[in-house]
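My structure is below; once you've seen it, I'll send some questions.
Chain IDs A, B, C, D, E and F follow the sequence of writing; residue 1 opens each chain.
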Amino acid sequence: MYIPYPHWLNPGDNTWQIVAATLVGLMSLPGIAVLYGGLVQKKWAVNTMLMAFSGFSLVLIVWVLWAFNLSFGVPYHTGIGGDHSFFNNMIGHFHPAVSHFAEQNQEVLPEGTLIPFHYNQATFMYFQVVFAAITPLLFLGSVLGRMKFKAWCLFVPLWITCVYSVNAFLIWGGGFLAQKGAVDYSGGYVIHLAAGVTGFVAAWVVGPRLARDRRHGVPNNLLMVSVGAGILWLGWNGFNGGDPFYAGADATSAVLNTNLATAAALLTWMFMDMFFSRQKKATFLGAINGMIVGLVTITPGAGFVNGYGAILEGLIASAIVWVAWNYLSKVRPFSKVDDALGVVYTHGIAGLCGCLLVGFFADPGMIEYIGLGKAAPGFSVVGLFYSGSWHQVWEQFLAAAWVIVFTAIASFILLWIVKLLIGLREPDENLEIGDLAVHDEEAYPEETFAERVGSSVAGSSEAIGT
Amino acid sequence: MYIPYPHWLNPGDNTWQIVAATLVGLMSLPGIAVLYGGLVQKKWAVNTMLMAFSGFSLVLIVWVLWAFNLSFGVPYHTGIGGDHSFFNNMIGHFHPAVSHFAEQNQEVLPEGTLIPFHYNQATFMYFQVVFAAITPLLFLGSVLGRMKFKAWCLFVPLWITCVYSVNAFLIWGGGFLAQKGAVDYSGGYVIHLAAGVTGFVAAWVVGPRLARDRRHGVPNNLLMVSVGAGILWLGWNGFNGGDPFYAGADATSAVLNTNLATAAALLTWMFMDMFFSRQKKATFLGAINGMIVGLVTITPGAGFVNGYGAILEGLIASAIVWVAWNYLSKVRPFSKVDDALGVVYTHGIAGLCGCLLVGFFADPGMIEYIGLGKAAPGFSVVGLFYSGSWHQVWEQFLAAAWVIVFTAIASFILLWIVKLLIGLREPDENLEIGDLAVHDEEAYPEETFAERVGSSVAGSSEAIGT
Amino acid sequence: MYIPYPHWLNPGDNTWQIVAATLVGLMSLPGIAVLYGGLVQKKWAVNTMLMAFSGFSLVLIVWVLWAFNLSFGVPYHTGIGGDHSFFNNMIGHFHPAVSHFAEQNQEVLPEGTLIPFHYNQATFMYFQVVFAAITPLLFLGSVLGRMKFKAWCLFVPLWITCVYSVNAFLIWGGGFLAQKGAVDYSGGYVIHLAAGVTGFVAAWVVGPRLARDRRHGVPNNLLMVSVGAGILWLGWNGFNGGDPFYAGADATSAVLNTNLATAAALLTWMFMDMFFSRQKKATFLGAINGMIVGLVTITPGAGFVNGYGAILEGLIASAIVWVAWNYLSKVRPFSKVDDALGVVYTHGIAGLCGCLLVGFFADPGMIEYIGLGKAAPGFSVVGLFYSGSWHQVWEQFLAAAWVIVFTAIASFILLWIVKLLIGLREPDENLEIGDLAVHDEEAYPEETFAERVGSSVAGSSEAIGT
Amino acid sequence: MKLVIAVVKPFKLDAVKEALKVLGIQGLTVTEVQGFGRQRGHTEVYRGAEYEVEFVPKVRLEIVIDDERMPEVLDTVVAAANTGKIGDGKVWVVPVEEVVRVRTGERGSDAL
Amino acid sequence: MKLVIAVVKPFKLDAVKEALKVLGIQGLTVTEVQGFGRQRGHTEVYRGAEYEVEFVPKVRLEIVIDDERMPEVLDTVVAAANTGKIGDGKVWVVPVEEVVRVRTGERGSDAL
Amino acid sequence: MKLVIAVVKPFKLDAVKEALKVLGIQGLTVTEVQGFGRQRGHTEVYRGAEYEVEFVPKVRLEIVIDDERMPEVLDTVVAAANTGKIGDGKVWVVPVEEVVRVRTGERGSDAL
């Protein structure tokens, strides 16, 4: 006699988790690939897309071979300090996770979870890897149009191993910061703030695009931007909805909140463009910026705030980032670093806003896990507006400080290692040409002037006319 | 001790509902945005996409703040007539729905449901809002290429509040028409018929595009149309599959039927083009028209008809709309109103066909909810072909008459209000230029002739050559 | 009193199955439609997309009317040989499946299943039809740019009926090959190997594209390729994850493995391009080829191999197909047949690799269905590396031989029938022009030179200037 | 023979073409070009960055004709392309020493 | 010097270019254009609406050459571009008073 | 009057345009073209298939001017477009017999 799954596995939760993961995967491919591919200058579209596809692939392999256990595995004890010392709670063990046990056994987190997982480790690993994989694709936006392709292929695995894993373990893997009380519903710190910081540092270390490209570098295809943006928005339902790890009430509340914050942020940016920009016109790409800000801002608190909080967070963050985008960008160091797509604003500053705003808006009534008996009413977060206490804001701030400082320094070091090993920039003669020089391909090939080399025309007589 | 969800919540049903909602969201963004963005003239593609993204966002905010309870909340008693009078059953209470209770408590419909919902209100609210949000995007197709952007931003919230909510309450919220017996599985009346009527009225009130645009206004990108069309088709699995509100047998039957009707309608339109059009050629955009007609037609009956019914409905409606598209369009008033993308045909007439055809094809054997005891075999609808009675057809007809008349008049009034307040049309000098005049952006920017104003070329020495 | 579903229906499993099916549907529309639409020469993009949409639709109708029961219905007894003879186990009964019983009753396979299905037949039928429907779209890639549109509309239904149904029944429907022990997790034989073979035979019988097109036929839009490729990759989560038919641990393990093999294959192809190609450059379209090879290769074994196996399969198959693509293509018959997009390599050879590699890498520890009592530990497959026996390899080989030989011969005959009835090729004067000749449409219409015929400019005064 | 080159507003192409047809002109060649002149261009804004575009889309017509037809052709083009607004464009005339019809090899006036 | 302008069918570009190479022509400039002439255009249909396109895609070649090479170049282009079908195109010749090579500033024949 | 035709590298368009502005040139017309010459093209590779592209993108400027301005315009364009690298392009001059401003019908120098 056969059964489809063990008693601990719930097909509803398992389905939600894997579907949410698939939605997040779609955010990267084709989402980010074509969003950035359409926003970048035409001559760099192919390079951008290939970096997205290869970056995603590299993270997948690295993840199952070691980074997953570094991020969520048994804590690695450096032995420095006591059991609860930072250094004994900053990273997991180095161990692959690809055997049939690793894939099919029930997921268990070393430090224990409030509720045993309702699915196997493959589900959890896949859900987590799509988050890890999108992060480099986000900061890719900062270094478009000049970074050496090989350098990208080396930097991504290094960064995931040395930077992402540490932040993930500290905040999600039950590490030091988690123990201190900082919360990150689904990646405000680990993903967006870290991506913004890394992108900015990388843009600085790699150096700017050609002056010529910055002078003429308009986007190439706004319909493609639309394809990517739409997938990003709706894909985010999985990004934030998947993070309670169960298909419960908080998951769908997080989905609704995500959409509310995003709508509020998109409209805020659009109206600020209409009323405060020099042209006094609503712009499509401005609206998309606002949309991204909303998605990013609500990420660390999607299931901790209520609908009002979500709308307000989107509104506030969008206004802040709009101002930063239009004015902060004119002062050093921002004016000096060529962050091609402005990742430091739409992910860095927006992520920071979100992380801090949770400290204010978190509603204790938003129960992530229901508590019975003395655990009642359950697990939730209490923000300043409900507790009157600055505690959570402070915890959020400390974690933000850590992520910014650590990520900046570590990324800087890794970039230098890559620079010394193989160099970070394409040579100028390639920069002048773009995709055709680096990949022998262009985004929209023209057939009139291209002729196949040594093409066999076997089996077909040339037809003439037209 | 913690549990992931309350006893009344079923993770399978909750997952299906939120995933279905996400699929419907994708139909709007990027679906409709790029379908219309690719079909419209190149000079209006950006404006079209921005209207789609902003319209979607506006509905989200309006929905949670008041429109949700207007549509599905406790009936508002005008006091005119008795308890069952039309005026005491036409709209819900005005009340926001964004508190943590509103989001996390179990969904309950005032007039009661056959079966208590298996999920919280956030799930239901989000599922319903993506339906509300796509409706204005549908009639957007009628007013492309001339409507003032600000007017759009004002009309959409007004329309959702005054028109959509009323229709939704009357037919879905347990209102008068529902009590009378009209059925609408997932939006033939409330969404498609209403969108078709509103679009047509709006196209008339706003006035036509520039003669020049109508003379030269070819689509700009058929591959984009393909992206949007494909997402629309498969996204519709959530649109119709989500409407039993439980992941049961009728939900997946509705999905299969949706695909059957769509395939039949696509092929019917394609073959009619091949055999009856002047050119005697199959066309891609013709096939897409047929596809949309199929999707729309099956919507009001997806889970009430069986496979035969689905195929026949698609075939019949596609043939009818094909004839209307090619001939009715030549007679007044159709010949006089510039319905840019022909929404009145593919959504209005197709929706009407679907609403009426349910009255004929509904199969009592298609059980939406299983009845036990004397409720056996359960809830289903009986069409003329099974009952021999015109009853259902008549009910469907009455509801259609209401929706057409009410929606036309109400939309007309709202449009005039907007016209008086801020005007409906872009000035002609903007119409001549399009996106570049209204948003300072164009769909496919050209870099050769664009030069950055006051671009800092800091940190990079201009490279020469190529 | 009402209930949402019968006791045998599990909403979690039903949700997973229908969502997985929707993801697979998205792989075809818009996936394959725009992947191929972007890869083909600009002049054929519309034709390509219309063939994809119409092919998908034709299969849907044919499927429910007869092909589903031919593939999964009660075996048709030819009476030749005994009960277990090949001829009594090669095809199912001819019978439609569209009544309300067919849609809503619990799915049951005639030869019985290890575990009764947790959902109704509509779910299963829809899941299976999206697999059937994508197969012709795959081999469409071989005959692009010359096949007569009407011939396509006739060949697809014939092929599904006479070729697909037979392979499906033999391997999945409990037919002869299944009884012998060949395994195909989700379509290595039935879909990819068959598509590769059919495409190659069709390319040969239909004849090559115009020499002119082959000399100048560059792709037209690499961003569109990216859209299609991304949807293909993530959609494959449903393709392989759906095949245990329950949302269990093996389903999500299959999803993870699918992504691992794909990442490994993409990177392998990319690095081989960087180090072994003449240009020594990574190319985007090369990476996409590798991606497809990975997806195809893991398909027949996604849930039978573990993570190591998945990575190695992707690596090995990608290297093999890369060599075949670059060298085998230069020798007869490959050099003589104009397989436009190289389907015989990326689906044929890659599918074959996958089918055989299962025989080596299948890990008995990967349990698809858990066995209780003496059935413990459950159903799994044992490959050479675990059993030391060539048995499974041999079974896999026999099935491959059958599929190649039968599919090639049957397709050849069907093509000739179509050729005799209506011809297979567009006339040369149409081939010279492409979409504009066959459909009166082009992919990216140009408005400057197009003028509406007899356009009514009613209701609008021409505006002048700009 | 003469080569008349006219740079006019794109939406005037039909009008000019039709007017020339009336004159019995058998053929012409059109190029999409960008014009720089008194008519100022526009500003584009992408993600807050302003780009100045000093050029305006125009169409450029080339018409090879016999010397004696030059005056009427010139007047016809100017009349048909005129809107009275800045940016209407320019027409200029260049001498042509030889013309050949590729299909037949005919030369001179016969080639037109 | 002379400027030879040839408007021919796009798929004939290779042939013409190769033929000119044989003649030792060092360079030329090509523009994608739309031609109007005896060869009729086509009809496009989008969502049931018919659009008439009276223009046909062509490529326009510009070749600056020394006077004495004019005849052979003319013949070569005509021969290479010919298909004998309507729409093969036209070639015409315009006088050139000066030529400069930007890179070196060389003038006249040396600039070619 | 004269027609100055300059084929230069696309990224030199701004420089040339600005230089001409300084000279007080009121207008010009630009076309995106493909050039064939000493500067070799490139190879493109799609799915393993190699395609040779012998053409290089250039921009083609047309400037109608009064005879006496010809020398300075010629020198200005050459100076502004020069990078010293192969492929800088060519400039040639063609005689113009008549010019008309469509908007006003003005002829000759007044039309410029």
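Of note:
In this section, a contact is a pair of C-beta atoms (placed from the backbone, for glycine too) under 8 Å apart; a residue touches a chain by one contact, two chains touch by 3 or more.
Note that this is a predicted model, so its numbers are computed, not measured.
Considering every other chain in turn, the ones in contact with both subunit D and subunit E prove to be A, B, C, F. As a whole-number value, the distance joining the C-alpha centres of subunit A and subunit F reads 46 Å.
With centres set at the average Cα position, the gap from subunit A to subunit E is 52 Å. Once the centre of each chain is set as its mean CA position, subunit A and subunit C turn out to be 32 Å apart.
Across the assembly, subunit D contributes residues 11, 30-31, 34, 43-46, 50-51, 54-55, 83, 85, 87, 94-95 that each touch 2 or more other chains.
Counting partner chains per residue, subunit A has residues 10-13, 15, 19, 212, 216, 218-219, 221, 227, 279, 281, 283, 285, 433, 440-442, 445, 448-452, 455, 465-466 touching two or more of them.
Contact topology of the protein chains: fully connected, every pair of chains touching. Interface residues of subunit D, counted against subunit F in their complex, comprise 2, 5-8, 31, 33-38, 54-55, 58, 60, 70, 74, 77-78, 81-95. Chain contact summary for the complex, subunit C toward subunit B: residues 1-6, 9-15, 17-19, 21-22, 25-26, 28-31, 33-34, 37-38, 45-46, 49-50, 53-54, 56-58, 60-61, 64, 96-104, 119-120, 122-123, 125-126, 129, 149-150, 221, 224, 227, 438-448, 450-452, 455-463, 465-466.
Of all the residues in subunit D, the ones that touch subunit C in their complex are 9-11, 13-14, 30, 32, 59, 83, 85, 87.
Considering their complex, residues 1, 3, 17, 26-31, 62, 64, 94-103, 105, 111 of subunit F touch subunit D. Those residues of subunit A that touch subunit F in the shared complex are 212, 216, 433, 436, 440-442, 445, 449-455.
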